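What follows is a set of structures to go through.
Two complexes follow with chain A in common, the first pairing it with chain B and the second with chain C.
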Partner chain A sequence: MTTSEKFNDKRSLLYRCYQQQPAALTAEIDPSQLGLHDFSVKLRYGFRGPQAHAVLSAAQITVPSAANSLCTTPSGELVLRLSNSEYWLLHPKASGQQTLLESQSTEQCYSLFCQDSHAWLVLTGPNIARIMAKLCAVDLREIVFPHGAIAQTSVARVNAVIAHHCFGESAVFSILSDSASASYLWDAIQDAMQEFKD
Partner chain B sequence: MNNLPRLKEPMGSLIERDQPVTFTFEGQSIMGLAGDSIASALLANNQWLISRSFKYHRPRGPLTMAGQDANTLVQLGGEPNVLADNQVIGAQMQVSGQNYSGSLESDRDALLGHFSRFMPVGFYYRSFFKPMGAWEKWEGFIRKKAGLGVLDLEAKPEYYDKEYLFYDLMVVGAGPAGLSAALKAADAGAQVLLVEEQRLLGGALSYHRFDIQGQQATSTLSSLVDKVQAQQNIKVMLSATCNAWFTDNYLPVIQAKRLFKVRVKECIVASGAFEQHVVFRNNDLPGIMMCSAASRLMKHYAVKPGQRAVVLTGNDTGYLTALDLTEQGVQVEAVVDMRESSVVSELQAAMSDAGIEVLLGSTVYEALATKGNKHVSAVDVRKISAPGEVASQARVIDCDLVCMSAGFMPAYQLLCQAGGQLSYSDDTAQFALSNLPAHLHLAGSVNGVHQLAQVIKDGQRAAALALHNLSLSDEVIEAVTCQSNHNYHWPIFSHPKGKDFVDFDEDLQAADIVNATRLGYRDIQLVKRFSTVGMGPSQGRHSALPTARLVAKATKRTVTQTGITTARPPFVPEKLALSAGRSFNPVRFTSMHHRHIALGAQMIAAGNWRRPAYYGSVEQREQTIQSEALQVRNKVGLIDVSTLGGIEVRGPDAAQFINRIYTFAFLKQPVGKTRYAVLTSEQGVVIDDGVACRIGENHFYVTATTTGVDQVYRQMLKWNAQWRLNIDIANVTSAFSAVNLAGPDARKVLQKLDSDVDLSIEAFPYLAYREARIEGIPARLLRVGFVGELGYEIHVPASCGEALWDLLMAAGQEFDIKPFGVESQRLLRLEKGHVIVGQDTDSMSHPGELSLNWAVSRKKPFFVGSRSVDIVMAQTQTRKLVGFTLDASIEQPKEGHLVISGGDVAGNVTSCEYSSSVGKCIGLAFAAIGDSQPGSSISIRVDSGALVEASVVSLPFFDPDNQRQEL
Partner chain C sequence: MKMINCPLNGLRNSSEFVYGGEVKDMPDHRNCSDREWAEYIFFHDNAVAVVTEWWLHAPSSYWFIGERHTASDEFLRTYDPSERFNTRVEFAVPVVESEK
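Entry: the complex of A and B
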């Protein structure tokens, strides 16, 4: 019988998409180069509710001052504020050890299920805004969508959260989208990237 | 083909003289030069006949050399209706003419032209509908003759896509006005998109002669282009067409195989003006073209357009064209100026110096043709005696080229799409555009400004307006005035023998337009629809103005009163592939999807999900479904139910909320229990169902149907926006993967796995809810019985779904576990009489019709739709969903088949399958209330048209005491 340890490293719904592209999920990605990376197994939490802000503050987590913006903690975690009372914490360096049932809600601060409900893709390289312009109607040029900005919109007709942030020295887009549509979206973005690969 | 020598440089700005390109036209090899259009390469080979006209199959050659007319539509391989004057040649291209019977040179259908008087405007409306049945006889013939080009039905789709672009300012047209506007805006800091339909910057500067010396255009073009190319804030798109204007400057731009959806804050339309033709007999012969077309041929392609030319003009442009022609070795026999006077002395002197005769107050009344109307051979020139009338005395001038310019019509299409109003001065024959929306500006000749210096200034003026709106400048530039008048007031000279074409696309002659008005079509829009004028590929660029003039005269009104036909998108014909583009059709896969594929599942769509229908070959479909169902009844089966909707409701008011949303009572639902949940609309109609699990005092997990969950979620959000209950609602459908492990051996399979839940019937009874870890995977377990067997719905984080599937399949091996698909599940639940909302219900189905009264609480004061449910259920019911059986030997009804009662439609079949467990065909159907009792029979009309009699029976069909699910 398979032991439970095997499932500590949960599977991304996307893992088959990059079987032919082994570089996609390596830890040493170069964010200055064109690439689409699957961070779906990386740890993330979501909280929503009237007390969410207080709970995070009590945990010494600084949150953005306005909705649809993000900030980065000293340890490199991303804190996304998606509404006045909804926050997502993304850990680019940590794999998900916690499951949705383990991130328990507290009174008036309800855990969300973004670890499993959403895939986490990271689009890197110099043409990320142009690539997204083939998939999304929102103007994501840096001049109007600077670092720290978040857009909750439709990408290739799938709901998505797009977060503009730095990864090392480079600006990247984190795209959080319906996990069940993740392989579809992966293909759609790869297709949009194609003309920039040559 | 006779490849003629090209003109010397600087002629030929678009061609590469040292790069020959060979293609075929009508099967013959043609050699052009890289950069040539099909049309320019053909003319360079003295091939003037390019295609045939739509109605009379008249020979046609280039008219504008700018893709503005339908004369040069050709077949390019499998693609019809390619503009030969726009399409750049490529090696091995196979080009042919269109719309001929026999050969392009010898078209049998050209005889139609001789019968044109029997085919007046609108003749087909009036000729083929009587006597009764005549149309059926004519239709095949007319359809065969109609249409241009040949579609390649074997064509494979090519890759087209779309992209959004965002700029501060878009400038449409890169002529002198557009270039200067773009430069001024960019210099002030605006991000500018400059869109040009042609392949090079400059617009008229690239081909038109603006002064007698011929220096002004070259130096201005060089200066402006150098600056634009050096300006980092300008993005130039060449060979790109802005094909429409939509509200708030939403501008579709087509370039190659991509549709750009451009969003800009400000837009300047500097689209220029279309040169207009003169209406005279045989004005469509090859060799007769616009002055600008001749100039383009020489300047862009270094092609000498003829040997002996006559220039027919109503403005100074013709004189400048004559100078260009002369400089390139064309013998200009005469400049025929329709104006009586007003020619500036410098031009007169230039004509004199060049030895060109000028005939003032004259026109070409008729063009004479070579044999077969293949080319112009001479023109009949007469003095103009009155507007549209000529003297009887004729002078015939031999020529092989006629260049004409009756004036210029603003390229108003985008602006009128934006709501702009086009007005016409009957005194000056000039147009003006007004009433433009905010943030849309115009500049240059489209604004009625033609003199080069003024055009450039007008571009800067428009840029200043845009910059002001962008808060980048406060500069104000005064309106630019232009004294130049380019339009001759009546360039229409009808001929008693006709062929004086107003609309080249549709072969419409002057008399056709006049006759339309005599038939009562006085309104310009009605004339358009009756005559089809302006409805061809060129969309009235050349026909709109003469049509308006003719209608005005015929109805004794002014052009201002008649107006111009409406311009609608698209500006140029647009391939459907561009609109379709790269389509986005999201699909959702469960975490177990690849396991299903590996097991040979036939996948079907369920909303945007993909689900296994059954596991096996298509040929074995029926047997497979029966086998899978029996497997569940007799042993154990596993189905992926991840697509079920999942909604979390948490908070102090969670129970209150669920109690208000669903029909059943939930306030006292114990923690650890599940309860069937029916959702009705405000109209009392059942719109979804699911299971509500009470996880905690303030925590519910509710399932919903695969395709209904989004609606349920929206409804919940909407209602709580009003109720303001203290809860949080989260759609967690994608967060969970789920399976239903069902069958008599289900418990044994689950017990094989390491888990921390007591699976005994006492500890985990039917309808209970438990949380557990199964081999370390956190799971929610529901004991529910949709298929009517001992079963466990196991919901786990989506990232663990595939692992759970593997575990259960491995654990079930010794029990001969088999996966089963949606089709088998549908059969199994039908055996239990369980309805599927959406399949067994319709937009009128209330709980009473579905025998769901037991799921409606009458004790609570309110639930969504309760008032309506009370009302509709209190009314006399007319139908009811019943179960029926049929002997398997009888033709099986299908879903949708009608239930007939007393000759009327009483209802329809909603589900029907053969059940191996029951040994009969079983089904659900809406039946008349009088036929709804068990023991009754209902008549169902099946595919063959026969009425089959089915027995109404009690539900469920199988395991009537529901003992199996409670094992």
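Entry: the complex of A and C
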């Protein structure tokens, strides 16, 4: 797994956190271990509008059938459906810009630049639902929040999208939150994780 | 904490929601009087009754309509705006002075 510092062409939205925690920069990602990882430099983009579904279908991208759910493409990309006409695509293994955005933006289907507007954190490990219970009012236990589910809610008083999906063999939470408060949320989740370390 | 049933996201704490004012029919902004426009923008009935209001679920930026009793503060029903706004509204072209 490539960690954030390998993408030298981009600076993470969380670069200030790395100044305080240099170890986080070089940490290898083991999804089975408790950890919070910064995916902010990874590629993500979105579409919204009445024709968004048609644009994605034309690009051979399968989309979830209901709002607040996600599906995974064979190449490992995550397709999030956040409302009846809004889709976000997350690429855990890629960085850089993508070209589908420019070519497909119309009045009926316009681009969402969530690469710049939202930070992407990934919470991994065995107690992620219990950690999030300290920060978030929505019940995120596996029995009520299964793989493929999305919750758009408040996490530590910051608006966030929480996506439950698999990363390798392990279930993880992807947390997409406003870029301006990314450093705060990073610290808030790290603080909640302390109880479950060791 | 009070809960509000968002049509998109389900039951959520009321702290996640933002009030957006009463749902009113928009007057023809090109031809209406200043008073009519002010009524639409600034004035509210403020009645003790079941009122129809705009609400925003802030984490998902989703606007919906809620029917709420202003005395008991209970939501009787929430629904997607497409139930009410399902056709495009066209306003008449403004009357130009020179054409009179």
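Operating definition for what follows: the second predicted complex is superposed on the first by the 172 of 198 C-alpha atoms of A that agree within 3 Å, B and C clash if a C-alpha of one lies under 4 Å from a C-alpha of the other, contacts with A are read in each partner's own complex, and residues count from 1 in each chain.
Heads up, the rule we're going with is that contacts are C-beta pairs under 8 Å (C-beta built on N, C-alpha and C of every residue); 3 or more make two chains touch, one makes a residue touch a chain.
Please read all numbers here as calculations on a predicted model, not as lab measurements.
Asks: Mind working out whether A:L13 is in touch with chain B, chain C, both or neither, as first, second, both or neither?
Replies: Touch partner of A:L13: chain B, not chain C.
Asks: Touch check for A:N68: first (chain B), second (chain C), both, or neither?
Replies: Only chain C; A:N68 stays clear of chain B.
Asks: Just checking: does A:L123 make contact with chain B only, chain C only, both, or neither of them? Give me first, second, both or neither.
Replies: Neither: A:L123 stays clear of chain B and chain C.
Asks: Just chain B (first), just chain C (second), both, or neither: which does A:Q152 touch?
Replies: second
Asks: May I ask you to decide whether A:I189 touches chain B, chain C, both, or neither, giving the answer as first, second, both or neither?
Replies: Once the two structures are laid over each other on A, A:I189 reaches no partner at all.
Asks: Which chain makes contact with more of the residues of chain A, chain B or else chain C?
Replies: Of chain B and chain C, the partner in contact with more residues of chain A is B.
Asks: Using the superposition on chain A described above, determine whether A:L43 touches chain B (first), chain C (second), both, or neither.
Replies: neither
Asks: Touch test for A:A137: chain B only (first), chain C only (second), both, or neither?
Replies: both
Asks: Have a look at where A:Q115 lands relative to chain B and chain C in the superposition and call it first, second, both or neither.
Replies: first
Asks: Is A:A160 touching the first partner chain B, the second partner chain C, both, or neither of them?
Replies: So A:A160 only meets chain C here.
Asks: Which parts of chain A are in contact with chain B and also with chain C?
Replies: Correct list for chain A: 137.
Asks: Which residues of chain C touch chain A in their complex?
Replies: Result: residues 1, 8-9, 12-13, 15-16, 57-60, 62 of chain C touch chain A.
Asks: With touch defined as at the start, can you tell me which chain A residues reach chain B in the complex?
Replies: Checking each residue of chain A against chain B gives 1-8, 10-13, 16, 40-41, 48-49, 96, 99-102, 105, 108, 110, 112-113, 115-118, 130, 133-137, 139, 141, 143-144, 156-158, 178-181, 183-185, 188, 191.
Asks: Okay, in this complex, where on chain A does chain C touch?
Replies: 67-68, 82-83, 137-138, 151-154, 159-161
Asks: Along chain B, where are the residues that touch chain A in the complex?
Replies: For this pair, the touching residues of chain B are 161-166, 191, 261, 263, 582, 584-591, 594, 608-609, 642, 648, 650-651, 699, 728, 730, 732-736, 752-754, 771, 773, 775-778, 780, 797-800, 802-803, 806-807, 810-811.
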